[in-house]
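What follows is a single structure, and I will ask about it in a moment.
When the chains are written out, they are named A, B, C and D in that same order, and each has its own residue count from 1.
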Amino acid sequence: MKKLIDAVDDVVLDALRGMAAAHPSLRVDLDERIIARADAPRPGKVGLVSGGGSGHEPLHGGFVGYGMLDAACPGEVFTSPVPDQILAATNAVSGGAGVVHIIKNYTGDVLNFQMAAELAGDDDIEVVPVMIDDDVAVQDSTFTAGRRGTGATLFAEKTAGALAEAGGSLSEVAAVATEVNERTRSFGVALTACTVPAAGRPTFDLGEDEIELGIGIHGEPGRERTRLRTASEIVDVALSAIDDDMPLSGSEVLVMVNGMGGTPLMELYAAYAAVADWLSGHGATVGRRLVGNYVTSLDMAGCMISVCRLTPRLAELWDAPVETPGLRWGR
Amino acid sequence: MKKLIDAVDDVVLDALRGMAAAHPSLRVDLDERIIARADAPRPGKVGLVSGGGSGHEPLHGGFVGYGMLDAACPGEVFTSPVPDQILAATNAVSGGAGVVHIIKNYTGDVLNFQMAAELAGDDDIEVVPVMIDDDVAVQDSTFTAGRRGTGATLFAEKTAGALAEAGGSLSEVAAVATEVNERTRSFGVALTACTVPAAGRPTFDLGEDEIELGIGIHGEPGRERTRLRTASEIVDVALSAIDDDMPLSGSEVLVMVNGMGGTPLMELYAAYAAVADWLSGHGATVGRRLVGNYVTSLDMAGCMISVCRLTPRLAELWDAPVETPGLRWGR
Amino acid sequence: MDAREWIERFAELVEAEADHLTRLDAAIGDGDHGTNLNRGLRAAMASLHADLPPGKVLTTAGRALISKTGGASGPLYGTALRRAGKALGDTPEVGAGELATALRAALEGVRELGRAEEGDKTMIDALAPAVAAYAATAAEGMPAAVRAALDAAEKGAEATIPLQARKGRASYLGARSVGHLDPGAASTVLLFRALADVTPAGA
Amino acid sequence: MDAREWIERFAELVEAEADHLTRLDAAIGDGDHGTNLNRGLRAAMASLHADLPPGKVLTTAGRALISKTGGASGPLYGTALRRAGKALGDTPEVGAGELATALRAALEGVRELGRAEEGDKTMIDALAPAVAAYAATAAEGMPAAVRAALDAAEKGAEATIPLQARKGRASYLGARSVGHLDPGAASTVLLFRALADVTPAGA
């Protein structure tokens, strides 16, 4: 295993130290392991907290700042944060108007956030959880753990963050995150596995001419292993799966071609060309778009495509100024 | 070889199509293969053109926009653009005040830009070339090709772009790019090789416990192959080489920890923590910084560290608003 | 039963098997189960002051697991131990009957929190039969009951192999989760092996 | 000498050897020399209208190489061909003497543009001895001179192996460039092999 790290056990902490040193606009608490806006808590503002395992950078810590998250709590690599951490983040950003937790739907994240919310309730902070579960590669069913949260997390954090910044109430902010989640679907494809530092070897073995369809963001294999395909074919698989679940024709969409970490930007743009072609060929209009590495899976090669059916209100919230290490415009 | 592409021969064009579809603020000419600002040429404004081989994205196309480049001309992967392309870009952005060419010092780039400048001169456009050669891994000598241009390219494009936007004259804009180059040194380290699509195999073989010190941005091996080292050790090698060439003590610096494409952001931040420690331990102050994948080498793992000794004027130009796909703040 | 010895032994076994657990998790999850439990159990060991009564040992270790493990297994194992500890109350000695109550409480805690059923391919598939086997054998004394529980946990874990996961990360794989041992079930076997290891034959 | 046949044959040889050239370039450069020349020479072939005089064939092909190749080799080979073509002027027939002049002009063009000296480990190390050998043998007629040029190019290329590069990308490797054949020198051998292939024994 080759990693640009000092020690396997320190990588999350060292990355936090780097974030702290690099971004004076953030307050990084190395003991509590939270990244918060330097100006948090803001009295009267709804707090927005997210978190999850590390290894998805810039998600979530890179999205802390004006117009997006108030705090993030990074767990160990691919491991949800612990309740104490989430509680510390919640306390750090509580300005009296309540706190929204944006939670990717993984058992570990759900359970740990749930425990933190109970503890926060003890401290009289009203917490509203919003579950993100946009990944159509997983069958949705009440008997299972349900769908994973992936790209919609960024969309929810951005729009809910904009509304919180604009003075939205606790229920309004939670509602917009929920709405974005309901209007978003994602599908991911891996060309290679990734290597979790603590594990020291790739999360799965894949032949030189094989890819995984329907992956998540934790280095797990997908629903199906197939032969290597072209970018256009991969885009067709992903968008067809999304379109089957949520018809796109006639919609104006926000689309993200998200790199999993190891695929060059040149290729992501080549894939985006195929996405734009596919969408216009299927009657959808691209209103907003994002191409790059935003919700990653360490050094995995591949991409995830997320599509959100916009409303005028959501487009407005998307366009609102944001100033974070990972996403910035309008300021 | 696993790439998210349709065909090896089309990847540069497809990526350009993707850029065109993704960024309405850019005018992408697929025939000429240039990426220009939609509002170019701006009468009276000095034009700023750069270009080079593809595979370094977001450099250069991702740095076209307000406050940075007016146009970029991407060559084939790791191959300099051809004179026709450079000339087309030069013509597209010429507003009558002359055009600055920012050229990374590689024989291919130098020769092709030189031929283009001659042709531009025939069209009565005054072209001033600025050569970027910041890579301390290469011995500087008048008998050799000299140092490579790497990270300083971004610094020069940003600051010269800001000055051009603010109405700087041809000689002023060229002078600031030259000054930044003179004040910047870089050093890169590869943990893996990269794979050029047309070649189909990694540019070199590297053992599981080996790294290359002193690499460039074209997948070439470095000056020295050594055993795998920790991030702190790698940072020490890089910054010591830079410091030997240009003493940093007492300076306020702009520093970039630049990912080569295949290294997770988490690791780049861990490396940045080591950089910040090293610099403060050696009497330098970090005034500005950038952590991320900006000047890449396809899917190579590793990083390049660039340090520019700031002046108040350069810091001001760095802070000026910029609005490009790859770098954005202040608007 | 010495609760501290139990947790200590569990931590030892997990440390020894951490790589194996992680490998199982890499096959159908995200490859961190061994690392997670190892981290959590080290914290649990560090949290145990001397001279705590057995119930307090388990609630303290459980809280540490919740606080330090992360992932799905942290809250689940943590809750299991806390509930078991609470069920023991202040009792200074844990006999076969007290342990039966504690184990039932642990199972209930995991069920409530994770909402998994038997057959979902989770730790429940090892835990539930183990708890049942213990209860059914408790009358024969702790060593026999513990032995029966371990056997049942092992069988239950083995039986997860052909199952398709419906809970936890493995559920994302759909039919591809079939043919693999559930990592949480495998670590639950270690929990009972630890119990067996610290239960003297004549206890 | 038929200039069009020469360029055609050069293009064929480069296509056949593209992979090898790219591999040589990967070792001490950036792994694109074969791809570059292949792309450029295809464009050169496409640019050649029927019935051009030899000089015009070379200038046209040279301009296409400059326009379409990119990299260091495009301007260098392009300039070489353009200078050679210009030296030929409008002559309808290229004899041994005309070719000597053309080759000298080509070498001069590469030298001027690239500012490399012999021993810098570049295409110059094959081109310069080849041009010299041709000139020295030209009196014996074109077939013998072309043969001598090819031999000299091959020897010159081989001789780049122990050299440390001072120009081009290989120079970035410093001492590590030693022990490798320069890709541009290797392709220059193909230029002269093409010339030999299209030069009939009795010409």
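In this text, contacts are C-beta pairs under 8 Å (C-beta built on N, C-alpha and C of every residue); 3 or more make two chains touch, one makes a residue touch a chain.
Since the structure is predicted, the reported quantities are computational estimates derived from the model, not experimental observations.
A.B. asks: Assuming chain B simply isn't there, give the groups of remaining chains that still touch in a chain of contacts.
C.D. replies: Without chain B, and with every other chain where it sits, the touching chains cluster as A, C | D.
A.B. asks: If you walk from chain to touching chain, how few steps can bring you from chain A to chain C?
C.D. replies: 1
A.B. asks: Just how far, in Å, is the C-alpha centre of chain D from the one of chain A?
C.D. replies: Their C-alpha centroids are separated by 54 Å.
A.B. asks: Measure off the straight-line distance from the CA centroid of chain B to the CA centroid of chain D, and report it in whole Å.
C.D. replies: 32
A.B. asks: Indicate the whole-number Å distance between the mean C-alpha point of chain A and the mean C-alpha point of chain B.
C.D. replies: Result: the chain centres lie 29 Å from each other.
A.B. asks: Quick one: report the Å distance separating chain C from chain D, using the average Cα coordinate of each chain.
C.D. replies: Chain centres of chain C and chain D, defined by C-alpha means, are spaced 74 Å apart.
A.B. asks: Would you mind listing the residues of chain D that make contact with two or more other chains?
C.D. replies: none
A.B. asks: Any chance you could list the residues of chain B touching two or more other chains?
C.D. replies: Residues 77.
A.B. asks: Are the chains arranged, by touching, as a line, ring, star, complete graph, or other?
C.D. replies: Basically the chains just string along in a line.
A.B. asks: Just spell out which pairs of chains touch, all of them.
C.D. replies: Pairs satisfying the touch definition: A-B, A-C, B-D.
A.B. asks: Flag every residue of chain A that touches chain C in the complex, lowest number first.
C.D. replies: So the residues of chain A touching chain C come out as 53, 75-84, 106-108, 111-112, 114-115, 135, 137-139, 143-145, 148, 196, 198-199, 201, 203-204, 216, 218-224.
A.B. asks: Give every residue of chain A touching chain B within the complex, in rising order.
C.D. replies: Residues of chain A touching chain B: 1-7, 10-12, 14-22, 54-55, 57-58, 62, 77, 191-192, 208, 211, 228, 230-232, 234, 261-274, 276, 286, 289, 291, 293, 296, 298-299, 301-303, 323, 325, 328-331.
A.B. asks: Which of the residues in chain C end up touching chain A in this complex?
C.D. replies: Those residues of chain C that touch chain A are 22, 26-32, 35-36, 39, 66-76, 113-114, 166-169, 171-174, 176.
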